[in-house]
Structure formats: C-alpha cells, structure tokens
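Here the structure is laid out as structure tokens; the discussion comes afterwards.
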Amino acid sequence: MAVNFNNALFEIVRNPDRCIKCRVCERQCANEVHKYDPEQDKMVANELNCVDCQRCVCLCPTNALKIRPNENQFRMNGNWNMQLMDEVYKQAGSGGVLLSAMGNPQNYPVYWDKILLNASQVTNPPIDPLREPMETKTFLGKKSQKITYDKDGKAHYEKTPYLELDLPIMFSAMSFGSISKNAHESLARAATALGTYYNTGEGGLHRDFYKYGKNTIVQVASGRFGVFKGYLDAGAAVEIKMGQGAKPGIGGHLPGMKVNEEISRTRMIPMGADAISPAPHHDIYSIEDLRQLVNSLKEATNGEKPIIVKIAAVHNVAAIASGIARSGADIIAIDGFRGGTGAAPTRIRDNVGIPIELALASVDSRLRDEGIRNDVSIVAAGSMRSAADVVKAIALGADAVYIATAALLAMGCHLCRSCNTGKCNWGIATQRADLVKRLNPNVAYERLVNLVTAWDHEIKEIMGGMGINSIESLRGNRLMLRGIGLTQKELDILGIMHAGE
Amino acid sequence: MNYVIIGNSAAAIGTISGIREIDSTGKITVISDEKYHTYSRPLISYWLEGKVSDKNIYYRPADFYEKNGVETILGKKAVKIEKDKKCVVLEDGISVPYDKLMVATGSKPFVPPMNGLEKTNYHTFMSYDSVKTIRSELREGMKVLIIGAGLIGLKAAEALHAYNAKITVVDMADRILPSILDERAAMKMQKYIESKGVKFILKTSAEEFTEHKAKLKNGEDVDFDMLIVAVGVRPNTELIADAGGKVERGVITDMTQKTSLDDIYSAGDCTVSYDASSDTEKILALLPNAYMQGEVAGRNMAGREFYYVNAIPMNAIGFFGKHIISAGSYDGEEYIAETENTYKKLVFRDNRLVGYILMGDVERAGIYTSMIKERIDLGEVDVEMLKSKPQMMMFGKARREEKLGGIIK
Amino acid sequence: MKKVYVNEDWCLACHLCEFYCAAANSGKSLINAFKYSDKKPVPRIRVEEGSEVNFAVQCRHCDAKPCVKGCIAGALSVVDGVVVCDENKCVGCYTCVLSCPYGCVVIDEEGHRIQKCDLCTKNHNGEPACVQGCPNKAIVFEER
Amino acid sequence: MLQREGETRIPAGCAISGFINRSGRRTNGSVIVNSIACMHERSNGLGGGFAGYGIYPEYRDQYAFHVFYDSSESRVKTEAFLDRHFDVVNLSRIPIRKNPRITDEPLIWRYFVNPLPTKLQDSQLDERTFVARCVININDKIDGAYVFSSGKNMGVFKAVGYPEDVGDFYRLEEYSGWAWTVHGRYPTNTPGWWGGAHPFSLLDYTIVHNGEISSYDANRRFIEMFGYKCNLLTDTEVITYIVDYLHRRLGMPLEDVAKVIASPFWSEIESGKFSPEETEKIRHFRNVYSSLLITGPFSIILGYNYGLMALNDRLKLRSMVAAEKGDTIYISSEECSIRTMCPDVDKIWSPRGGEPIIAELDKNCAERVGK
C-alpha cells in the first residue's frame, strides 16, 4: 500500500560492532523481519512486521539485538493515545473486528500487588522448610462431612470423587490447536512429573497423550470438539467450560488453516474446516441445564470423576458460583479477566470481566455464608504470576490455582500477544511444522517442572514464615493478608484488613 | 609369539597396530633396508617442496617403536626367507627367526631401458634418500625434465616448482594422470598446471639421452639440468617368489593377507588386491590400503581371524592448490557436472555408485566413497541430492540414524 | 565413550552450532573470531538443511577410523577414543576427506589443511561448544 | 485504644496444667492452684482460669451456667432469656474471696438449669445442641453478658489476674473434682477481659491452650459455616468449637479428632506405618476435614464430661509433659508443676507432637456419664 497509516510498533536496534552476520535472526523470524542484504553486506530489518516476540534477541549469539518501542510519535493527545489511533487505522483498512491474544494488558489495578503477607515473629515460631515437613498436597472435590462409626469403632464415610494434587498448581486449559502438539506434550509430561494436572482445553486429546490420562483434565466446551466416551474416560476429571476470563460471553474460533491432519483427527472435524465454539453451550440456557450436563457427565463416567465447571469472572460471579455449587459440580474454576487466550476480540478482552482477586474473594465468602463451601473446591485462574500470587489466592480462599500464561512463559513465550497470527516463533501457539519443532518437549517439560517446583519451594518458604506447615491451614486464612492502598470497599470485598490494622 | 616384519612403511605400521590390538606382549622385529625411523613415503615431495620439516616427515612419533615394544633392524636388507627354518636371512648373513612373518616390501621405481640413460645423472622419486639427493643437487631456476606425467611425476614437478625450476614433463600417454583421471578432467588439470608454468609434451617418449639433453621421438629436443624418471613402479616380490610363494603381478594373498606360504603374510604395494568397484584383481598402491591390509594381517598373525574386503582404488591428491579426489571404477553410466574451476563425474553401474572424480570442490567426498564401498543401492538414496553434493541428507531416515548414532528420545 | 549426537527432530537449522564451534576452535570470542580475525573461522560441524528435517553432522569418532588409518602424514591419531588432528603435521592431501563416510573432515581452504571435531578436548571448552550452544537441545553429548 | 477479645485477635503465650483421677476420686482445687503457681513466670497477670469436673454432684443432671455480667441490666436481660428457655433449678452469686490482686470484677452468677421441654421440642434440636445454641445466643446477642461455663457437673472459674490469685478469689479449695485443668495467660496486647481468660468452654468441653495457632482464620472461617460464632477471636475458642463439631456433632472419637486437628504428616501416612484401612481413613480426613487441621504451636488440654485429652501440635512447638501415678494422669507445660502435684510419679514422659493422651474415667466409674 502506498500509504502506511500504521506505525511500526517497534524499532530494531542492531549493534554493528557485535553483529557477526550469522543470520540466526533471519532464520528464526517467521515474520520475516530480518534479512541479509548481500549488496550492503549487512543484516537489515523490516520493522513493520516485528511483533517483539524476542526470539531473535534471545537467539542472537552476540547480544547484538535490541527491540524497543518505536520512538516515532503521533502528536501527543491525552485522550487519543497512539494505540487507539493505530487501531482506528487498522479497522479503517480492514473493516474487521480487532483480534488479539493472551491476557488483558490494560492498566487495571492488580490486587495481588496491593495485598501483603504475614510472617511470624516471637509469639509463634516460623517453620524452616529445610528442616521440617512442609506440605502442599491438595485435594479438589466435594468434601462430604458425614461420618458414622459402627459399634466396633470402624468409621464409615462417603467417598466422593476427587483430584489429588501434590502441589496446588495446575496447568489451565489450552487446546491442541491453539497451542502446538509439542506444547501439549510438555504440559502433559510436566503435570505427570509434578503430580498435578494439565487441561486439554476444548481441542480434544491427541491419541499420543492418552497415556498421560491420570494427570489430564478433559474439557467439554460449547463446540464439543473431540468429545466421546473414550475421551471422557481418558481423563482424571471432566471440565465443562462455560466461559473464559479473556473473553467472557464469547466463543472460540480456530481458523481452518490451522486444522491440519492431526488437529482434524483430534477434534473430529474435517481438515481445513473452521472450528467454531459457540458463545453458549446450545444445551445450556440456564442453571438447571447445567445441572443436567453435570449429571450426564457423571453418568457417563460412572460418577468416578469430579466434574469441574469453569466460568469467567463476571459481575455476579458469586451468585453464579452458588448456583454451580448446587448443581452437583465438584469443582468451580473461576477465570479472571487477565487470563490468556489464543485469540479474542480486543474490545472484549480489554473491557469485559472482573479481576480474579475480587471474584475469588466474593465467591469464597458467598459459599461460606451459604454453608456450601464444602460442596465444591475453588480453582482460581486468570494471571497467577508468581508464588506470591498463588499464596494470596489460597489465603483468599482458593483450593488451587490454574496457571497458563506463566507456563507458556516457562516454555519461551514472551507475551508478544500475537498467537492469533499462528506464526509463533517459539513453537507454542502455532501449527507450522518448522515452528512447532522449535519447542523441544524434553526442554520445555523440564522448564515447566522447574518453574512449578520453584514456586512450590517459594510457597513453602512463605508458609513456613507464617508458621504454617500445611497448605490446608493457609486456605481461606485471610488473616494472613493485609491490603495496602485499598479503599474500605475493596477491603470489604476481599475480606481483609488494611496493613497496620 | 615372535613376529617379524620386513618393511617399515604404512603396511608395516598397520601390521604392528593389528598385532598389538590382540597381542600386547609378543616380540615384534622390524627389518628395513632404509635406515630411517618410519617415515611417510608420500611426504617426500612435500619435504622437498619445504612444506614438511625434517621432523614432520616421520609417520609416527619418535617413541612409537618403544611404546609398541618393537625391535628394529634398520639399514639392513633382508635377502632371503628360509621358510623351512622359519627365519629371515639378512644381507650380512645373520638370520632372524620368526613365528609369523610379514613381507611388506612395497615397490621400487621402474626405469625402462632408454638409450643413453646410463650416461645421465638421473633420479627416481621414491625414497627419502632419493629426494635428499635431488635436494642436494638442486639450484634455483634449473631446467628439469621429468619422464612420466603420473602421480609421482607431477608431485615431483610441484615440489620442484617451488625452486623456480623450468619444468618439462614428457609422457607417452595422451593425457596426464591417466590412472586417476578421465580425459576431460586430465585436460582441465593439465591446463591448470600449465598455467603455473609447467610444460607438457605428451604422446611421445625419449629416443635418446645425452648428458643434458633428451631427444624425443616426436623430434623435439629438451635440455635439462636434472632428469627425473617417474614412469611407474614395480612391486618387490622377490623374497616371496624365491621362497616359492605364489606371485603374479604382485604377491598373491588370501583375504586374511596370508600368502601361499605358511605363516607368511604380505601387505601393501607389493600385493595384489581385489577391487570391489570393478570386481577385478589389481595392485592398489595406496597408503590407506597398505595400512589397512597390514592391520588385517597383523590381527590374523596374532590369531584373530579377520578379512580385508571392500578395497577400492581411491586417491586424494592436489597439485598447486587444486585438489582431486577420485575413487572406484569409471566403467558405467556417467553424470558430469562442470564449472570453470571444478569438475565432477559420478559413475553408476548396477544401480549403484561405482566411481567418481571430484576436482576443485572435493568437500565431503568420503560420503561418495562410502556409497561405493558399502555398495548402497540407489533406491535407498535421493539421487538428485546425491548428484548435487555429497550429503547425509540423501540417505533415508533409518540409514541416517544408523550412521549418525540413533535418535535421542 | 561420550559422543555428540544430533536429534534431527529438534534441529532448527539455526546454524548456531557452526558459529559456536568455529569460534571455540579459533580460541576467540564469537565477535572477535568473526569480526577481528585474519582467517575465516572454520566450523567443524555442519548443518544439513532439508525441506522437513535438518541436522548437524560432525565427526562420529567411529570405530573404523578410516581417516586415521589413511592419513599419509601421521597427523591424525586417536587420543582416549577421540580422533584428533595435529594441524602442524597435516599437509592437506585430503585423503581423510576421501575416507570419511560421514563427510566430517572439514577443509580449511586458507590453511591448506583439514580441521575436524575433537569434541572440544583441545580448546578447553568443556562440554563441546556445539552442544552448549544448541538452543533446542538437538545436539547432546552423552554416552550411548 | 486497646481492644478487648472479640474486637481484635489476640495471640497469647501461656502455661497449662491438669490432672484426672480415672477412678473418679475427687481432689479439692488447692492442688491444681499450686501446680500453676509454680509456673508463675509463664503468666503475666492478665488472665487465669480453672475447669473442675465432678464438682457439682448435687446438681449433676443440670447444666451449670457461670455468667459474667457487666451490669445488672444485662443480668436482667439474660435471666429473662433463661426463663424463656430453661427451668432454672437454682441460681446464686458465685462465692468469692476478695483478693487485692484481683480487681474490677464483674457480677458473677451461677445457674443450674434444665431446658424447657416445650422449647426443646420446638427447636427440633437435640438437648445439647439446644443448650449450646442458647449459650452462643446469649454471648452473641446480649450486651454485657457472657456465659463462660455451661456443662453438667463441671465448672469454669476464670478472671484477670495471676491464676493462683484467681484460685484464691474463687475459693477453689472448697470444690472437689475428679479432674482439674488450669490456664495461666500471657497475652501480648490486651488489658485483659474476664471473659477472655481461659479455659474457654462450650457445654462440658473446656480447653486450656498454650500456643498461637497459625491456621486460625482458616479454621474460623470453616467452622463458622456450621453455626458457630467466633466472637472472641481466640485460638482456644475456635479449637473448642472444632472439638465440639467433630466430637459431639459428627460423633468422632477423640483419637480421630486428634488425627484431624494434628494429622500425621504425609510422609508418615505414606511410610506404611498405618494399616491400609487406617491410611485410607487418614487420607480421607486430610481431604474432607482439611480446613480443621491446626498448625502453629499449641499444647492443649481438653476437658469433657468423662475425661481429658492432651494434645500437642504435630511439630511439638510447645512444651508439654505427662506423668502417671497409679490411676492419676498429670499433664503440664512443665515437669516442675507436675512434681508439685505429685512428687513421686511412677512414670513421666514428653508426649510426641500430634499424639494425643486420652485419659478417661473408668467405664464402671460411678462418676462417668454419657458414653
């Protein structure tokens, strides 16, 4: 096009004193940014294509590259910032809905960063995790309190299906399709090694991964892709996906060009056909319908597997959660508005939903108020960025958390938020064979295991400081939390006191 | 066990290595009429050229014999094998007993009868001593006449070129390097060498020599200050023949390198080999061949049965910085690719690669060599890739895994 | 014996191994080797690129060792199972190039001699540079 | 301004002591007073209290309510409530002896009551639950009134002051019981409120506790789902409710209660030291009662209508010693305290973390009620 309205977002700075023209940047850029120009005998760049995925920067053996924001400025405007203007140019050119990926990047408050943790001093000893057992094993599922003893003193109790996690962190749903087979394999193997679970997402379960079934949560979403008896039987739990934090109220769309042979077989759809997940489940238009689906899935799995219902954190999340807790579901997963996605309409991603911290706190309080917190476990999702976030989530009331963005980061993702282009240079959010190959599961699975193990160590360290040696005693223990810089309303919703109180 | 080896070049060293793989204690005695620590015969031209120092001409480190427990009798010629007494008689009458004997006597320069040759101070180009003599007589800018445009003659020419010699090479054949090159490649190489200042006079021979002049059959006269005769070599088969062993063009051995005589083995340039690429028996006077024959013989002498197979003619050589690698037989369907500076010829027969010539660009030629030696069927490889350049990619995944050591999982 | 192996499933043909190898064996940093050397650094490993698979190849330190056996100059020898080249002795005849079935003897055109992988035993790099430098663990150094 | 129990959470260090005679032989309160006096340094004068079992044989079938009143107005309101729900068999002020170190005493009354049958029936609750609800109701709803003892044939006596002074104040030498427990308190930020002193009790459950539990809010928020109100925000209160929930309401034997609140570590559970059936049960406990696990340091003596249970946290972060002499079991924070009660014990030991000591009246003992 003769006129390029859009600004190149990034500027590539190449240090000529360091560049040895090895051309690794050129070979590794699926966006074809870098090129060796024989006439100039140097590397040149087409910055318009750059998404700042940092692949070239990371692989450059001489650290010759830097990617920084383009310094070119539109005329300063407090109302119309450059991004908004850029988006207008894009839409004026395309006439389409803006698409983006990964979690909401806007500058909304992050409550995790406004919550501080407690530690023991004098009156009660901190516990040293290097010397004493420190337990993070977690069970998810309905916790039936009933118990009776017969005249011989033998206990009789109701066994309900549960998930047993060696640590309170699971890998959140990411479908095979949105991410590559190698990424899936890495997650599956890491979950197995860690004694936790990964989640198929709505893309079905590749036949090579049935062997990881006991560490797999199989998802049933509105598109029902890849769902059949064998799939339900393969997993340790079934998750009904009602919504996703990144795009509440919106379905999914895997473009046909990504539906290759493997995906077609796994999703049970024709090759090259668009895979469209409708916004609602067409058999769920109310809470009673959900109950029926929960019951159907329980029947289909002989009542042996816990049923998870995953919802996006929306305004009346507490009431919705209460309804779900009464639907027979065993676990509720709540996905906050900062959760990631392979593709979402930008306007939805950036404006719909609420933060997980508030949603989690209000759901936990509501279920306790109603005395039904034991009927379900709560899994919090939607941007758990560190062990501290996990500790805070559990202290607010979560039984466990889902991580996904952090897992992708562990595998190499640099949050360029361009998953929707299918040209992920890190081999994660792509189906292009030459790119998928870049993610060696032997490496990625180990990095995932390292990450979660490290977090587990940190969780134990923090718990030890609080004088807590078992994760159960942290769960819902909001006294361990204090707010900083929060209004009384926010503190009330979070159910915590202000620092200093 | 008492091993005796006659000869002190590649085949002898290979024999020592083969024996020592299996028998670390048996006595080994090396007998050679040359007085030197084992040296590399092909290096003499490099030594003369000044590319190889006095120190580096040796084929193995100075402590080689000591480390391998080898006794040496150097500078004495073995003149006779008394096979019934199982001993070798030296020129001074001393006899050396053996349990197992290796005859690795190599070859000697062939000097055909030529009129007046005896009146000239001619040289051959075969031993350290011969190039030392040449070196001592050399003067800058001398006129040198070399009879023979084969490998030895041209290596000599290259070495002497370093002394600004005005070199003329004469050969009866119609092209240079006939043993390794086809006509086209030979022509290319000839032009290249000529561009360096060497003059070739082909398809003729010397009719008569006078002290500093050769009169050629084509009528030309060539003046020279130094004459080198390099028309070919003949295997040293006398010891075996005299002892009653079977000798044809060279010593005949079985696949274990044993001669027709009990406990007597032979290896190297004095023997006849089986050329797997052309399915014929011939003398393969090549250093790798000599070493490997010696190694096989050594193992057999020490008691472990081992066969020498898959020998093929092959050669790697360079003149004035231009390299040639060739191997196998040139009898078959040809594929030729040529640029100004390079030449490639691949020869196919029976759906296999049986021979090749690479000139100029010789990278990774060994992959072709292995195709010939391993008799790999063309059905197993991507022939277009094979033709474009030697590469492992041309093999199927399974063969590649086998060759490269498997797949990591 | 520990050797370098390549898994073609994971080789990206990024060619970094070649650069790391060449620099390690030039005894210089990458930048100095490629920007401030009189002589072009020569990698002893080479990547073969295909339409679907890629892999790097370097000396297998194989049992047959035809290169050592064929060396006319006695420049190639075996030290603790590793085939090493004494570059002072090599005369550049390329008989080893002729012999190596893997095509792993590298021609150093400027030096008129050969170079070959010695598993970084001579450059004090520790684990071979290609292995250290591979971004996708396609190249490993292990006992088989 | 300093806040009292219930307005803020107050951690406290302490001393505890107790004993039980399994044959039901009764001992007067002076023995237990002496046992705590020797651990004077473990208290700071901001609270002390006792629980005696078997002290009201003449009213063994009535619930004995001990109540603090801030004012006569609150007494009037409370008595009106009691009259509506109970048949009050006897009421009186609890006899005290003035002690210069015990000051600001509230009105302290005692009632022996039976639930009104009609009210009980209307409530559709079992009798003990009915009584417990009423107690919780008074404490929660009536300003200035606080029922601090509500079991049968037992009583709690507590005040702000050193425990030995509290014993003197309540004239404990005049009471005889087959079991006694005592608590000396070392709170860290309170002026001391009489109701905030320990033991904490509900019905016949009393708990004296030394420690500061780190699981407090997890326990509190869970137990409050079952109708409890943790008004005092103290460890002892929540532990009492947990015991009440598990032991009385779920019917769990105390051995199992101990396995819930001081459960074995996973490393022990997985070590194979328990039978498969027991392993399965503990795993189940750790799953469904996980929020009742108590972490952080504690040593408690639980009193109930036919025994005592002593329990340490599973890491044993607080000292606790036990001893035996004949049919009497002694438990205390310190050995010296046991020696004041019985200088020549047969056996003395330090119980391991998480391993309960349960000492109950003999099955055929006349004093034993209930099970």
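Each chain gets a letter, A, B, C and D, in the order it is written, and its residues are counted from 1.
We take it that a residue touches a chain if its C-beta (ideal position, glycine included) is under 8 Å from a C-beta of that chain, and two chains touch if they have at least 3 such contacts.
Because the structure is a prediction, the values reported are computed rather than measured.
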| request: Could you let me know which interface, B-C or A-C, is made of more C-beta pairs in contact? | output: B-C
| query | Could you name the chain whose CA centroid falls nearest to the centroid of all protein CA atoms? | reply | A
| For chain C, which other chain has the most distant CA centre? | D
| chain A and chain C: spacing of chain centres that average the CA atoms, whole Å | 43
| Any idea how many Å lie between the Cα centroids of chain B and chain D? | 104
| Centre-to-centre distance between chain C and chain B (centres being mean Cα positions), rounded to whole Å | 28
| query | How many angstrom lie between the CA centroids of chain C and chain D, rounded to a whole number? | reply | 79
| Which parts of chain D, given as residue numbers and ranges, touch two or more other chains? | none
| request: Note the residues in chain B that touch 2 or more other chains, in rising order. | output: 408
| message | By the touch rule stated above, which residues of chain C touch at least two different other chains? | response | 9
| Among line, ring, star, complete and other, which one matches the pattern of chain touches? | line
| field | Touch relationships between chains, expressed as pairs | value | A-C, A-D, B-C
| query | Once bound in the complex, which stretches of chain C touch chain B? | reply | 3, 5-9, 48-50, 53, 55, 57, 60, 66, 69-70, 72-74, 88-89, 91-105, 107, 112, 140, 142, 144
| For the chain B and chain C complex, residues of the former touching the latter | 14, 40, 42-43, 46, 51-52, 56, 58-61, 287-288, 291-292, 295, 314-318, 321, 323, 325, 327, 362-367, 369-370, 373-374, 390-393, 397, 400, 403-408
| request: Give every residue of chain D touching chain A within the complex, in rising order. | output: 9, 11-13, 188, 211-219, 221-222, 224-226, 250-253, 256, 263, 265-267, 281, 284, 286-291, 293-297, 314-315, 317
| request: In the complex, go through chain C and note every residue touching chain A. | output: 9-10, 12-16, 19-20, 30-31, 33-35, 52, 133, 135-138
| note | Touching chain C in the complex, chain A uses residues 17-18, 20-24, 27-28, 58-59, 61-62, 433-434, 437-438, 440, 442-443
